[in-house]
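Each of the next two complexes has chain A plus one more chain, namely chain B in the first and chain C in the second.
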Partner chain A sequence: MRRPLLDIEGLSARNAAGQPVLRGVSLMMGPGEVHGLVGQSGAGKTSIAKAILGILPRAVTLTGGSIRFDGLELAGADTSTLDKLLGTDIALIPQDPLTALNPSRRIGAQLTDALRLKAGFSKHAAMTKAKSLLEEVHLSDTARILRAYPHELSGGMRQRVLIASAFALNPRLIIADEPTSALDVTVQKQILRLIRRLQRDHETAVLFVTHDLGVVAQICDDVTVLFSGAVVEQTSVHRLFRQPLHAYTRALIAANPRYDQPGASLRPISAEVIETTLKGISA
Partner chain B sequence: MWYRILLNRLILAAVTLLGVAVVVFVLVRVVPGDPVAMMIAPGASEADIAALRARYGLDLPVPQQFMVWIKGILAGDFGTSFSLRQGVVGLVLGRIPATLELAGLALAIATALGTSIAVAATLARGRWLEALIDNVNGLVLAVPDFIWALVFVLVLGVLWPVLPISGRVDPRLNLDLATNFYLLEALLTGKIKLVGHLITHMIMPAMALALPLAAIIARVMKGTLQEAMVQDYILLARIKGFSRLRIVLQEAMRNALVPVLSLTGVQFTFLVGGTVIVERIFSYPGIGNMAIDAVINRDLPLIQGLVLAFAVLFILINLAVDLITIVLNPRLRHG
Partner chain C sequence: MADLAQAPLPGTFSRILREPRAVAGGAFILFVIFCAVFAPLIAPHDPLEQDLLLEKIPPAWQKGSEAGYLLGTDGLGRDLLSRLIHGAQVSMIVAFVAGTLACLLGTILGLLAGFFGGWVDAVISRLVDIWMSFPPVLLSILLVAVLGSGLHSVIVAIVVIDWTRFCRVVRTETMAQTKLEYVDSAVTLGMPRARILIREILPNVLPVILVLLSLEMGIAVIVEAILSFVGLSVSTDTPTWGGMIAEGREVIYHAWWVLVFPLIALFLTVLAFNQLGDGLRNALDPALRR
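Right after this comes the complex of A and B.
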């Protein structure tokens, strides 16, 4: 691997009650790679994403480990260091497009403010750039959309706007926090394909947070499986589905609904698997 | 859609004003105190009193008096003041600018002060400064406007006399103005020295009126700002690397403003009501001060005219609040 773009090592965190949220998570991503972060809710996927972005809730504190972005330490970094990176080098595609846009500002304003503030675009240049960004995410009638308020657009359109916004300054790393889970299935596919294509065109690394292994199979190169804040398996997507090593991973795969096999029954993850996995972690 | 709202409001305003007219008309006639007794010299004969009563139409039954009054209003005549012997319309219109300017200045101070405090408290979230702001704010909130007025008079007018404590302008000053909107006209014509002079007279009553409103605005806006600050779009703005101040002002403020605005509208009508006593304390020549004189003199036509003027003012304030709310909230525009 080339010099890693994102290098997380032994990251640990606790919540206010002293319970571990992350237990020594290590993860490495090269430039332009798509890395899936999977696990059930509460497994720590989002905590990792928030730790990178420096937006962990007050109740959660990092207790150890490091997050290096292109060699720069982000864990415990001050706001000014983060502010310089965020928006320009690291961007986020949020989970819920319905709440991630400001309801009282026009799309154009929300799409251009980072261009103007972080990259020094003039007002006119930023609008032109915003137009081309919207075209890049396959939105037509760009003039109308730039003038529109969020409530005038559909969920899928809003997610495209947010994707355009994330790619606006050509960041090196995008964190996609379950970007399709709030959308319906047909739109999900289009959005995934769009992220994949943009990611290739811009050679952007994407850390893809999801609980959906189907999504991982479609878009990711590598994958980290988390359970209760610990890494249980880390491998290429190809290997993950062909020969999952860990019992928990196997159970997770079996529990995943397959749209290509209608009628097939789903197997819930058994208590036994969970218990042995938990034991393995605490050991 | 704008004209539909306006038409709706116009009809509602007419009904409201009629209601106010009936209530005030009946009220001033029911409460004790005979206007004629105030006008006439002691020891006048019964015949003199009856003649005077008849001259002002006070001998007619109340419903008939009301009809006479309403007919006059529809013709643009609100009657003649008993005590000042002048037309009510001219008297009220001559005084309204003074009150509007005072209330407007107070509102501007309250908005600026309240907003700054709310933004500061939001930025200081979780630190000792936030607690300090909250406590001081609570203290200010508990003190009514006329107490502030007395405190200001005592401190800045008497103990450390730096500000004039009475009137709108120095009576020796030769004003060369075309309207009674002294402050506005001085501002528009660039008479900076006069603006300064007017402000020194207005600042104490305006501050007294503004402080309670500022505290209310600060408290409510802090709440709505903090509600807005946990929204996803705020988080996303932080992830775009924007500064905290920019996020508060650009992303949160506008969404936090709508509830604050409707409350400020209601509270501003209280502020206008507060001008009555505060204008009295500072001998400020507005309609509030005039209203107290009118009540003391049992000047029925003037009282009625002033109450209607206050009612029109309140209706206009509420209309303005509604229109601004629509401008601020794009989701209401296509309703």
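Right after this comes the complex of A and C.
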């Protein structure tokens, strides 16, 4: 592997009640790779994403480990270090397109924020660039969209706007926090394809946070399976589905709907598996 | 679509105009403001001019009325209508100045508490708790007594007491907005905190502030009237509705109108502010919108 773009080592965090949120998570991503971060709700996927971006909620504190982006330490870094990277080198595609856009500002203003704040675009130049960004995410009628308020657009359109905004300054790493969870299945597929294509065109690394193994199969190169804040399995996507090593991973795959096997029934993850996994983590 | 999808600001004006209570309340307030501003031009008489020969003349539709005195005169023969029109001045000044200042103070502290949380929130919230455990009317009378009577003291008293209403609501609303992802997005763009607070969050809290402001103006009018009634507001040679009510109380058995007309003016003005507030709430609150 070339020098890693993102290197997370032994990252631990706990919440206000003192319970561990992350237990020594390590993860490595090379430039241009798509890495899936999967696990059920509360497994710590989003906490990792927020830790990288420095936007962990106040109640959660990092207790150890490091997050290195291109050799630069992000864990506990001061805001000026983060400010230099965020938006330009690291960008976010947020989870919920309903709340991720400010309801009282026009799309154009929000889309040009990064360009104007980070790259010093003039108002006019930023608008022109925004227009081409919208075209890149296959939105037509760009003039209308730039003038629109978020509530005038559909969920899929809003997510495209957010994707355009994330790719605006050609970042090296994009953190996609469940970007398709709030969308219906057909739109989901289009959005995944779009992210995949842009990622390839721009050679951007994407840390893809999701609970959906189907999504992982479609878009990721490598995958990290989290359970209760700990890594239970880390492998390539190819291997994950061929020969999952951990019992929890196998249970997770079995619990996922398979479109290629319509007759197969879903199996919920059994309490036994969860218990043994928990024991394995605490040991 | 979820309520959050509704933008609070765009199209606001036309939505307010479709809200009958907001329109009716707003129109009445505009009328009172008009009276206050042009009082010297509209009022048929000098509000201070006494004429003991014309004392306690009943309103025009009653027996014994005098031409030119539509609402009659008070115990000193001063024209009630003119005094009502001039009395609107103090009420409107207090409503707008005290209301706006209380709103500014409370909003700033509420935004800070809600956005920064932690010790900032702890300090501001405790301050509000302590403040709100004083009985407001007694506190205002005490304040004016200490500061000395006069319009300034009345305004200071109202601001000092009523900023807490704004602070509590704005704090809660700011907290709710701060948790939304658009704020995270702004943070990850390295937008300065002050700019996030003012440009991103404030516009989404503004509808609530406007509603509260309108209700607060009604409250300010009442508090001023109470202070005038007990003689702690402006000096007695400036007509005020509260002062007129106090004077009317003394002659209530032989000249009811001296008490009733300022009371009606006060009642309608406060009602108008409240209706405007409710109408604004309907027009602006996403949760009540269909």
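Keep in mind that, in the parts below, the second predicted complex is superposed on the first by the 282 of 283 C-alpha atoms of A that agree within 3 Å, B and C clash if a C-alpha of one lies under 4 Å from a C-alpha of the other, contacts with A are read in each partner's own complex, and residues count from 1 in each chain.
We take it that a contact is a pair of C-beta atoms (placed from the backbone, for glycine too) under 8 Å apart; a residue touches a chain by one contact, two chains touch by 3 or more.
In this text, all values refer to a predicted model and were calculated from it rather than measured experimentally.
Peer 1: After the chain A overlay, clash or fit between chain B and chain C?
Peer 2: They clash: once the shared chain is superposed, the two partners overlap in space.
Peer 1: Under the stated touch criterion, which partner chain does A:L92 make contact with: chain B (first), chain C (second), both, or neither?
Peer 2: The answer is both, since A:L92 touches chain B and chain C.
Peer 1: Does the superposition put A:R105 against chain B (first), chain C (second), both, or neither?
Peer 2: Touch status of A:R105: both partners.
Peer 1: For A:L53, select first, second, both or neither according to whether it touches chain B, chain C, the two together, or no partner.
Peer 2: After superposition on chain A, A:L53 lies in contact with both partners, chain B and chain C.
Peer 1: Would you indicate which of the stretches 169-177, 187-195 or 313-321 belonging to chain B has clashing C-alpha atoms with chain C?
Peer 2: Looking at 169-177, 187-195 or 313-321, the stretch of chain B that collides with chain C is 313-321.
Peer 1: Take the contacts of chain A with chain B and those with chain C, and give the residues found in both.
Peer 2: Residues 53, 55, 58, 82-84, 86-87, 90-92, 94, 96, 99-105, 113-114, 117-118, 149, 151, 162, which sit in both footprints.
Peer 1: Which positions of chain C touch chain A when the two form their complex?
Peer 2: 1-2, 4-10, 117-118, 180-182, 184-191, 199-200, 203-204
Peer 1: Which residues of chain A touch chain C in their complex?
Peer 2: Of all residues in chain A, those touching chain C are 50, 53-55, 58, 82-84, 86-87, 90-92, 94-96, 98-105, 110, 113-114, 117-118, 149-151, 162, 165.
Peer 1: Name, in rising order, each residue of chain B that touches chain A in their complex.
Peer 2: 126, 231-233, 235-243, 246, 250-251, 254-255, 328-331
Peer 1: In their complex, what parts of chain A are in touch with chain B?
Peer 2: Residue list for chain A touching chain B: 53, 55, 58, 82-88, 90-92, 94, 96, 99-105, 113-114, 117-118, 149, 151, 162.
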